[in-house]
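One chain, chain A, links the two complexes that follow: it is found with chain B in the first and with chain C in the second.
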Partner chain A sequence: MAARVSDPPAATGNWAPAAALLRLVFWLLGMVLLAVVALPLLRLALAPSIANLVAAARDVEVRDALWLSLEGAALAALVAMVLGVPLAYLLARGRFRGRGFIAAVVDLPLSVPHTVSGIALLMVFGRRGIIGAPAEAYLGLRFWATLAGIVVAMVFVAAPYMVSAARIAFAAVDPRLEMVARSLGLGPWRVFFRVTLPLAWHGIATGFTLTFARAISEFAAVAMLVYYPMTAPVKIYELFLRFGLDEAAAAAVLLLAVTLALFLVFRHFAYGEAAAGGGR
Partner chain B sequence: MTPRENPPARGGRTLIEAGIAALCGIALVVAGPEAAAAKETLTIFAAGTLAVPFRAIDGQFERSDPGVTVEPQFGGSVMMAKRITALHEPADILAVADYNVIPKYLFGQDGKGGWTDWYVGFARNAITFVYTPKSKGAHDITPQNWYEVLARPGVEIGRSNPDTDPSGYQTLQMLSLAEAYYKVPGLAQRVLANAPRRNIRDTETALISALQLGQIDYLAIYRSDAVQHHLESLKLPSEIDLSDPARAHDYAAGIAKTKSSALAGRPIVYAATIPAGAPHAALAAIYLALLLGPQGQAIIARDGFGAMKPPVAVNPEHAPPAVKALVKPWPKS
Partner chain C sequence: MTAPGLETEGLTLRLGRFSLDGVSLEVAPGEILVLLGRNGAGKSVCLETIAGFHRPQCGRIRIAGRDVTALSPERRRIGFVLQNFGLFPHLTVARNVAIGGEARGGAAGRDALLERFGIAHLAQSRPAQLSPGEKQRTALARALASRPDLFLFDEPFSALDAATSETLRDELGGFLRCAGIPAVFVTHDRTDALALGDRIAVIEGGAIRQHGPTAAVFARPGSIAIARLLGIENILEGRVAAAADDRLSIALGDGSLEAAQPAAALAPGQPVTLCIPGEAIRLLPPQSPLPPQRRRARVAAQLRAGPLWKIALECGFPLTAYALPQTLRECALVPGGIVDIEIDADAIHVLAAERGSVNG
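Let's look at the complex of A and B:
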């Protein structure tokens, strides 16, 4: 080791090799992660034969399950957006007591085991639950084995993604822009819809995508309330039990293909909006 | 802050060194529990209903041989069998709720390509209905009028998926036997009208919380689960509850129609085997001997199962000697 010498800050000198090295190291680390994520999915995608894929796609029960999953996840993402975006705005802008506590509560479903989520939902939305009982008595609305039950379970497990993404997006909007708009005579509702919401739209769209993805993949919480009619994850599990890996993998690959296509559309939509109107 | 003496390249190198160190650290942490364990691990794949007695037997086994850790995994019987045959997961013992699962999924064709060629029956069980004091009709249900109470309007009955789960089709077989036993045509249909698809799960234990929360009133389930969960249950006659291996011939008259086939009733006998490729086959044989011996059978009986008197085996000559010594040949039905 050399003696302690106080070098001048290295403002000069050739940093190009270090920068190249940094990129190389980051690429290597990133590729390891990418391999962990992509290899199992790729292996799964190659598992079923074409004949199995065709058979799965022609199976009415598989198609119904896929459609029900899409329907449930889309509804869940919409509900999470309509109810979650206002809450996210309050959490980002409000200065009230218990703000941190509410934010923590919203994130809590992420850490609850999904079978436990299912039991907790049943306690509230079941035939004798504090919401389930009056809903059935006065509205004829049941959550046991219905689309409503699927959506409720999906909202429970997926809404944290919506609220978190929207909260970060709102927090990144400069409050002075809102103040300027107010000073120019716009009312608070119009400022929100014409200034704040468009600026935060990219983050909200990301949240919507994540919420949809989390919702469509949920198995345990949904299966606790609703086993029949079967969503795609429940159907895939049932196919595995009844027939085996090939049939289950074929249905899983169909679900992946549909989800991937939707992601690409969502992403294009979200980034397109950001490029056109973000400007930050 | 330490004074910066290193030229940029050295800085990069230390970054790599730090990165490698971090990865090694992660690898150590991830591999740690495996690497640190000099103990042998006995892996058991077992039907979900066996969780309580097997945990107790695991404890005894570990006390008698401190060098061994027993790691049981519980799930649906067919699921556990397929994890061995389709997913090739290593397991030392497979224990299923329906002995037929083993020949169906693990026996090869004509003695070739199989995962095993023997199994032992080590416990019996019975199909019953459980309920709570809040269940509709709970105050006047008896072992005589149960099928009338269960068919009343508004009663919600839960059951397991007959296409994937033994207790699902065993429930249908029991109801089919009940129809003949009580001489009440249409009994099964009327009871099942209150057990529609919405009340079906892939395993009946997933519905215990629904029963306790009042979502359903009755749940078709094994007697062992009723005992272990301290639930009220019906005492059904042994002519219909599938609990008596001596009645195998009569039970065959109870038919369950599933998506794949019509299944004839069989006594509910739990069976175990040591699959091919078991990493600790010798230990597995010692475990099975404990399970089949008086200690294991006492635990089995305590947890609501029927003990086997005596334990029986199909192809006992292929079983390890320690197991073979404890069993009689499986009775021909």
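Let's look at the complex of A and C:
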């Protein structure tokens, strides 16, 4: 048996039958999920003919809707960032009463059905809403049939992603690094912008991406509060109702392509930045 | 009060499960005070209070003669060095150092500091790429760039291996003694305390339990808990057998010991605790007849302790001593063997037994 001494030990680690079986089962289950996600998207992407795609891309209404979606989602992500990052910092650092409650309220839109969100938004920002009515009367600011309304609806549904991502990012920044910065003579504002924010930037960028993606995909809340001008999802729905599946599919593929491209750019931006910043 | 340096007066604070209870400390310029305590004793809270991150309910803090009690942290002029040195991971070494100088008169001294600490060649490196020694030097350069009146160290070595922390400790000690800036060094490690401390303050439950020159604190720990914290090897329960003016005879186990300590307030029969540092026990080859002042012991066990051997002895009561490998050979020490020992009577510290003090 002396020859066996140098053999690799048999049946240990990931090569043991039980471990191999576990990995096999997990792979199978994962593949089913992957198929459920990937198949419809692939099928959709291959559905329209080139001619249909070109026609859709030439359609001014479709282009306007796409552009409006991008504009709205970008503004919504910005608003969510400007308003959400400070709140995320407070939630990550603060030891105040009601912290859990506030965190729960912020996350609430995630579990509210989108049509419910739409109705709730109408009651506040609509023509007779408790903010919508005075805003028009005194500021001339309307939320229905305007970009402002689209942004408000998108912020409502998408801001939780911004706040959670930023909160996790801030929580991962050692508060004692902030202490060191203070002791070096930097005031609280400079510490935030020079130390805390750069260290949390990766997470905030991820939150921005998720917020943007969620915002651009919103249909019900935007449709109920605004409808006109139409964002891409609303336009696609309208095409589907008026002309049927083929017309809608072409516009849908365009929207899909645009969002995927943007998603890749954002991801590269967020992760590429972190890698260059010596994340390791 | 004239001492420029650091002075705290009766710092009192309640903060969640931590508290400070009338902490008064004094550190002269160029002096290192080691604040020694277990985890949760309030060491870090004490440092953070001095640095200005917690507002004390009462008490005063003076740094270099300035009353800073009401000042915000960025105006206290403190160099704060943390575990792992607390460098900003997203900035290069040069920018880490520059940020220290920025708030107080520009980054003019940056290059000189990089040179002085031998890290100029690392100026464009990120902290993650540095060795612990380079991190320490960067942290010191950064702190110095902000021209501090006081250094605070919060267990900077606690995440390092023993060999590295020894090197860095020596380097830090050398630096602080040259810099002439007072420093408070928080640790739970007695090695740090012995190597760096000019004086030691023992903190427990947010209060300073003992405060004095390092050698004095190690020689005369104020309580059993402190003796344990200091790692005194032999903490033995005994009873006063006889008390003369400056000599005590203590009965313990099946034997007895003489201690050179004023007998004041200790009457025969009173229970006491003896603290005997392991290094106060000399091991000698057995001689017969047994010379006076010596006693004979049996070797119960011997274990390696770094370069030394830790020897468990039995001489009517258990004792732990240290031996160099050469002593081991000279005395022909083997487990179960016999050895002569001599205990320095001055090194035996007698504590009147505390009530219910079995565990520190």
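Here is the rule we use: the second predicted complex is superposed on the first by the 246 of 280 C-alpha atoms of A that agree within 3 Å, B and C clash if a C-alpha of one lies under 4 Å from a C-alpha of the other, contacts with A are read in each partner's own complex, and residues count from 1 in each chain.
The criterion applied here is as follows: a contact is a pair of C-beta atoms (placed from the backbone, for glycine too) under 8 Å apart; a residue touches a chain by one contact, two chains touch by 3 or more.
As the structure is a prediction and not an experimental result, all values here were calculated from the model.
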item	value
Which of chain B and chain C A:Phe263 touches, first, second, both or neither	neither
Partner chain(s) touched by A:Arg176 [first = chain B, second = chain C, both, neither]	second
Contacts of A:Leu199 with chain B and chain C, given as first, second, both or neither	second
First (chain B), second (chain C), both or neither touched by A:Leu184	second
First (chain B), second (chain C), both or neither touched by A:Leu21	first
First, second, both or neither for A:Glu238, with chain B first and chain C second	first
Partner touching more residues of chain A, whether chain B or chain C	B
Which superposed partner A:Leu122 touches (first chain B, second chain C, both, neither)	first
Which superposed partner A:Leu29 touches (first chain B, second chain C, both, neither)	first
Contacting residues of chain A [partner chain B, same complex]	2, 4-7, 9-10, 13-15, 17-18, 21-22, 25, 29, 119, 122-123, 126-129, 144-145, 223-224, 227-228, 237-238, 240-242, 244-245
Chain C-facing residues of chain A, complex	174, 176-177, 179-187, 190, 194-195, 198-199, 277-278, 280
Complex interface listing, chain B residues touching chain A	3-5, 7-9, 11-12, 15-16, 19, 76, 78-79, 82, 86-87, 156, 161, 163-165, 197-202, 206, 209-210, 213-215, 259-260
Contact footprint of chain A on chain C as seen in their complex	48, 51-53, 72-80, 82, 86, 88-90, 99-100, 102-104, 126, 128-129, 142-143, 145-146, 148, 152
